[in-house]
Structures are given as C-alpha cells and as structure tokens.
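Right, one structure below, let's go through it.
Note that the chains take the letters A, B, C and D in the order they are written out, and that residue 1 is the start of every chain.
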C-alpha cells in the first residue's frame, strides 16, 4: 500500500522498517527530518505532515502523545485536509478517548476513514514485527488495513466499530501492566522484609499461576530492583495512567487501583525519577516500606 | 509415613485421599467424625487431635483458620503434647505469620519440628494431586516431609528456614490472586462502559501478555460476571487479605492495593454476599461503576 | 469603580447586587441576557463580553468552569482585546492552575493586570456579602481591587503575587471541605452500624474538637443523610476535585485522599446522582457499608 | 467515691490527681509501683489489680492498650474476681470494640457493671480536668459515675447503653483527628509546592470555615512541619487506627481514608519514626511529594 508514515521514534521507526520490508511504499515524515532520511528503503521524505498524506491510501501516525498527534493532524500543514476521501488514518499510538472521538468526527466530515490501532509491545517487539494490534473502526476500513497490520504485528484484534473502543482497550491493558508492577512491588516488599529471596518468590509465581510474560519481565525488574534499560520514561507512564483515569471518568468508572498507581508515579517524579523507566515507580512502594534500592 | 491428618474439609479430604493412595498410613481426625469415617483406606479414626498425633512421624493440619488450628494444637486434647520429639508438624492451611511464629516456638520447646507448608490450588487441583506446596522450616525437616508433599502436589518450593516465611509467601501469593480479580474488575468496567465485549478483551489479554492460568480462571469469572461455583467463600477471602495486611504491618510494609481489595470485600459482605465466592467482590467494583450484575 | 461583570449565576448575581449596593457602576454581561436585565441598579447591559470590558477599570468574571471563562475571554467578542491597558481582570470563580497561568500571560502581553480572587462561601453567604476572598496577583492590583472585594466579602486574604497561587489555595480549601464530607461519612457509617445515633455523635464532635462551621453544615448533612437543598451539583464538585488533582500533579504532589473522594463522586454519578448536591457522594460511602439512604 | 485506680501513665496520673483533688478516696495500682507512691493524697497503694478493686465502688482503668487491660482484668491477681457485685468498672482508655464486648459479658456474669468511658484530650487537658468523656453503659451506672466524670472532664456525653458504643465513638473521633492531619498534609503539600506560605494558608482556613481547635493544633503542626513535643507516639497512633479499622470491619464498614492513614503511619514506622509524635506521619505525605522536612 501507499502509506504516509508520521512519527519515527523508537517504536515508529521499527514499524516503518517492517512496512518497507513487507513491500509497502512509504512517504515518511518526522519533525526532525534526519530520522526520516536514515530510514532504509523509504520512497520519499515529506517536509510536512500534509505532504506525507497526499496521495496515500493510508496515513499511519505513531506519536508521543495527544498534543503531538493534534499538531500533525490539525496544525499548520497538518495532514487532515491533505488526506484523500476514502483514505484511512491509522493511529497506532496510545491516545485519549477524547482525541479518538475528535478524530472520528473530523475524518467523517471529510469522507475519510479512521481506525484507531494502538499496539502492545516494547521496541524490541516492534523490531521483530511481533506487536499485538488492537484495532477499532469500520469493518471495511480495518480489513483494508490488514496488510499494514500484518507487516508490523503478530496478531490483530478487532475490538469494535468505534475507534475510541481501541483506545479504551489499550488503556485498560496498559493499566493492567502497571498493576502487575504495583502489585508485585507490594508483594515483594512483604516477602523481602520477611527474609524471603525475591528471585525464589518470582520463580514460584511464574512457574505456577502467574506464568505470563508480563510477570516475568516486569516482575523480574521488581524482584531484582533493576529498572534498566529505560524503554519508556516515567512521564509517559504517568501520561498513560492519566488517560486511563480520564477514559474511565468519561464513562463514570472509578478505578481505585489506577489511582494508587498514579500517586506512586507522581511520587516517583517528585523524587527525581524523571528519566527512569516507568516501571521504577515500584521503588516508591519499596521506599515507603523502608527498603532502599541503593 | 505414619501421618496424623487433622482437618477434612474440601481441601483436606482431597489431600488425605492422595496420601492414602500414595501408601501413607493415616490416622484421621475431624471435628465432625463422619467426615473422617467416610475416608477410604484410612488406618484409624482419632477421637481427639492428640490421638491423631500419638505415634505419628508427622501431623498434617489443614484447617479453616488460625482459631481452628490453635484449638487442635493448644486446646483440650490438643496434639501438641502428644506429638513425639523429632516428629514434624506440617501446617498446610493459610495461617497468620503470628501463629507460624507461635507454633515454631511451641514445637521447638518440645523438641518437635515445625514446617509451614501452605498450598496453592483450589479443591479440584487438590483432588488431582496438582497442588503447589510452599514449604519453610529446617532443611532436614522439609526433606523428611518430601513423600508427603509429593503425594499431594505437583511441585514443592522451599522458601526459607523460618516457617513464617512460607506464610508470608502464601499470603503474598493470595494477595496477587485477589489483585488479578480487582484489576480485571476495574479494567472490564472501563471497557464494558465503552461498549467493548469483555470476552474479546479477555481473549486479547490471555492470548498475549497475560497468558497465565490466573487470568484465564479469575479473569474469566470477571469477564462473564459469573462467580459460580463457590469454591472459597467471601469471609475466607477477607480473612486472607486481613492476614496479609497483618503480616505486612508486622514488618512495616504498606500495601495500599491490598487495602483497596479489603474495602471491596467488606463492601461485598455489607451488601449480602456472605455466601458468594470470594471472587465476587469484583461485583462491588462493577456496582460502583453503575453496572449491575443481574 | 467602573466594573464589567460577567457571569450572573446564583453566586454571580448575589455578588453583582452587592457591588451595585456599594456604589459601583456595573456593566453586566450574561449569556442569557434576561438574567442581566433583571439586575437592579445595573448601569448598562452588555451584548458581548467585550462590551462589558470596554472602558471598565475592572472586569470581574464568575463563571461555571474553565471553558466558560475561556469562551468569554478568548472567544468571539471576548473581553481580552477590549480591556484597557492597566485595567484589571478579577477572576472569582474556581479555575484550574493552568488557566490561571494562561490568563496571567495573556493579560501581561496586553499590559493588563490579572488578579485571581476565588471566593469561599455558598450562595447565601454571597447574598450577605459574607464571602471570603482569596486574592493573588501584584500587590498594587490587589490594592486597587479592595473596594470590589470589600463589597462582596467579609475578609480578603492575599496569598501571593502569582495568580495561580490563589487557584491552588482555593482548590486546596475545596478539597478540605470535600474531605470533611468523606471523613464524616466514614465515621458516621462506623458509629451508625454500632447503633449510635449520628446526631449525638455530631453534637459531641461539634461541641468539642470539631467546632467549625464546616463540620456543622456538611457534618449535619451527613449525620441526617439529607442533602437538600442542592446548592452545587455533583458534576461541579467532581470538576473541583479534578482541578485539585491536576494542580497537584503539575507540581508533583500525590493526594491519595483526594483520589478516594474523586472515586466516590464518580460512583455517585454512575449511580444516578447527576442532579444531587455534591455533598451527596457521602451516600456512596454509606451504600458501600450496606446502609441505604431511603 | 471509693475508687480503685489502675494505670498511672501521663494521662492516668493527671486524672487520678484530679479525682483526689475532688475528694475521692483512691487506691492506686501501677505496674511500676513508684508511680503510684508519688501520687499526692492517695489513700492506699495496691500491690495487685485485685487489691485496688477490693471494696471499691468503682474501678477506673487507664491503660496503654487492650493487652494491658486484659492483663489487669483477667490475668493473675486481676481485678475482675475482686470487684464487688454492683460495683462499676469504668474503662477510660481507648480499647477495641471486641474487648468492650468481652468485658461487658464478663462483668455481667459477676453481677458487676461496666461503663466504657474513653476520653478526648491530650495530657495537658487531663491535668486541667478539661477532658471530654464519652460514656456508654446502663443509664444508672453512668449516673452513679457522674462524680468521677465531673472530676476529670469538662463534659460527659452519654452515647448509648452498650459499652462498645463508646469505643466506636472514640475510635471514630480519633479517626477524624488523624484525618485532619492527613488532609492538611495533602493540602499543605499542594500549596507549598505552588509557592504559598503554609502559615498564611492555615490562618485563612482557621479564621473561616475551619475554625476548630483540631485544625489549629494539628493543622499548625503540619503547616510548621514541627511535630514536637511528643504527646502520643506513632505506634499508639497506628494502634488506634488499627482498632478503628477492626471496629469497622466487625460491622462491615469500609473506611478507605482510614486505610490511607494506616499506610502512611506504617510508612512512618518503616522510615524510622518509632519515637515521633503520631502526627508526624504527615511527613510521609510531604516526602512522597518530594518535600523534605529538614
């Protein structure tokens, strides 16, 4: 497919490379142009978001937050007016439910189609085309984007016809990951202070009821009190939980555990962890228990 | 081995049957004698806890709570004075860290040995000898009990030399299970109110990052809003969380998520769920979001 | 003073009447013009926010939320471009710290002055000119507005030179009021279920350590389980707590009790209390305890 | 009246002195006898709790916790068997609802009467006979104890006929005091990090809606970040919140804010505040916000 690709951060670049590899024709746009230029096999470099969208069957956006996506869509030289009627905007970053709704309406007004398709997976998974894609939008639009999804991920889940449903699912999933960190931090503090070796505890858990990748990776970080490398920074983690709580408030759902996690992330930032991996908020749980990481 | 077996509830009976099946010689005691009499292959029925312990190499206790264990150990005709020096008391129910310490000392004073060996698994797992055993106590004592553990479980984890360490690990594990219920309840409320099918959400989770048994079973209950059959009643669930919080307080560990779960369980009891399965506290989360189970 | 007055809701109208009574010359603007027309002694009715500001020494805004204030300030025929250099904008409604900062900058760019001066007090207090004014901004600007503050309130507290400081203080205060409701709801549920008469409990508290107006009024509502009349609706209460949490997040302050209150307000909205007084979220606390209001 | 007085800590001693001053005949018992000997005007020193009760019309107990009261009542040479039928036991310390019930029954079985009469006030208030007495028990028993209550306090509140009701009220009240500390700590962190002077904030609050002693004293500690002198140590504060949560659990009442406070007190103990005044848990709130006390 002819794809305009906007946003070449760690995740976006890996996804773009896989699209090129799968034979798609990419016109890439990135705020700092060099990142686009270094993309192997790219068909063209766009000077503006609008240029990336012109003539494309699909525009895929992979940006840090709502503000960044709003800027490339609605801002100066934004892609919204440039995208052809019938073409699809695929938004793969984690965005708010509110922005998903705004985009749904804005695209509909122009006869364009919108699919929210956020992904689960860290940069390594993106490189290996092993992402999980959560897609929501009209059936036909999702079907038309299949070749794109197949190039970047190992499996696509269609969760509904309203794009915001994919946002809700992605945010719900991110909350569940954060919750694994929080709950492991609490349980590990408990057993550590009773003298139990956290690695033994983790081994017990992950070889029995909790034999899931998320307990192995994040549980491992907590058990070893080691939050390297930094894949996703604390402020981005907090942003996701903030979006989760906002998505929940919109439909009147209290999420008390999400609120606990939010408080721990804020404490982490207050205590100097701006550049730490988001999972390091587990240290706040440990500190509150009088355990110190270093 | 010659084993005194005390406590023939759903879990205990299944474990006792497996011990008999594995060739151990059982003297069984249960408060209501009939449950002991109907145990196939039992060597003898004891009239008192003390009788069950007399001449045994090991006494295994599997009782509902601390009070029940205290009664058979320290109470009238309790087994403590009757157990031979060198013999082992294996406590397989979930008990408080405080009781684990009290028993450790009481047995030591009599030259007896004490192994805390709580188990993970619901009654079906017990029937199939598929429990996971978490053992703590002196190495030699644990080694001597291996034949017992092998008869009731699929794997034994030795987590330390102080019996209370097994209590802490078991309570930490139970908290993590309760946490799966709580976090799934919050996430499912979020996506349901955004119009997403909970079964699709669950399928997505359990076929990706959350592919662990605990998400399939408990997550399934939450996604289907179906808390049958009742394997473990609400008051027992609350008791476990209460013991977790007490074990954490003893060593000065705040566990805010455990506190959230405790509140939801108390609300469940306040709203008439005395006889519901403990996992049904997820309904409180749903009710707070304006979703009603029925 | 020559004052442009924008926003004639229950609070605004009472304040405007007191300004007229104190001899100020008012040009009033309200979205629905009738409310402005019925104001006794008003000098003129403005057709647009801009008209209200033209020639005024001060513009006072008293609006429902950030959006409403943004509309009259920055929107079509907004007052921002119409206000003379040197004139003061006094914002008396509860606004976000973010909007306080945006206004500070926007006014500074035009050589105008900005004072955030939110008020404590319900409509009856406003009618009796008994509000408490919390002012922040340049000393001289606050001094110039004294006649306005004296006309509407019984006392003015200058809390700092940055307007956002008044927002933070007002939000902190509102949180403390909400906290009185929450904590009284928890304590009353406790003693009610132990058979104690809530009125007796309230009398004991308010005639001893808790002899403050806020315990008498809000504590009284909780003790009597009576949340009439509706002075301030639930969604506005939730908005205030949301702004508090946002103001706290901006400066990295976790506020776990504010988060608990937020959850109870969301639950209240989920359970149909859209039109209830904001203090009625105490009913959620009671419901969770199995107590039912009716 | 002829009063056996048991427990001469800071509070107890001050109360005993006031009883002597009011003309009551005191037989005093204290675990460390010297504290009893130095009491001016005491009629006799008892060697055991039983001796203090023999011949007394009333026994008043003022002890650190449940365990201490259980020891002097039910333990060796305890006062329970020594107290005459018809005589009254007045328990003035903060005890659990469970112990209140146990004592109610134990005294009834012996034809004795039991009044729970915990007090509000710190040691200085006790010295000045300015305590507030919360009494529960049979009307006649309370009436008979009036001379005692009048000698130690400024006002007595009769809250019900079941002694445990006084425990519930006292615990509810203590929770409300702890809540003032918690909520002030959150609000002060918010405004401090926005650059507002906490003393100004406190002044504003206590001269308006929050003009109650508890905001002045505890709010003052928080605003000044000064938790001296140590009137009541952290572990005792935690004990009270633990009893509150237990009293609430008994009657199925979730108290999420009490749970937040409990976590902060546990964190305070984990971080070395064993000997700090209980109100110093406010520092945990500040630390979590990146503010450091020193």
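What we mean here is this: a residue touches a chain if its C-beta (ideal position, glycine included) is under 8 Å from a C-beta of that chain, and two chains touch if they have at least 3 such contacts.
Only a predicted model underlies this, so the values are computations on that prediction, with no experimental measurement involved.
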(request) Could you tell me which chain lies farthest from subunit D when each chain's centre is the average position of its Cα atoms? (result) A
(request) Tell me which of C-D and B-D has more C-beta pairs in contact. (result) C-D
(request) Measure off the straight-line distance from the CA centroid of subunit B to the CA centroid of subunit D, and report it in whole Å. (result) 37
(request) Would you mind pulling out the distance in Å between where the CA atoms of subunit A average out and where those of subunit D do? (result) 52
(request) Give me the residues of subunit D that touch two or more other chains. (result) 248, 252-256, 260, 263, 267, 270, 288-290
(message) Please classify the inter-chain touch graph. Allowed labels: line, ring, star, complete, other.
(response) complete
(request) Using the touch definition up top, name the residues of subunit B that touch subunit A in the complex. (result) 97, 120, 132, 134, 155, 157, 159-160, 162, 164-165, 168-169, 171-173, 175-177, 179, 182-184, 186-191, 193-197, 200-201, 203-205, 207-215, 244, 247-248, 251-258, 260, 285, 288-290
(request) Write out the stretch or stretches of subunit A touching subunit D in their complex. (result) 256, 263, 267, 270-272, 284, 288-290
(request) Name, in rising order, each residue of subunit C that touches subunit A in their complex. (result) 238, 242, 248-249, 252-256, 259-260, 262-264, 266-267, 269-270
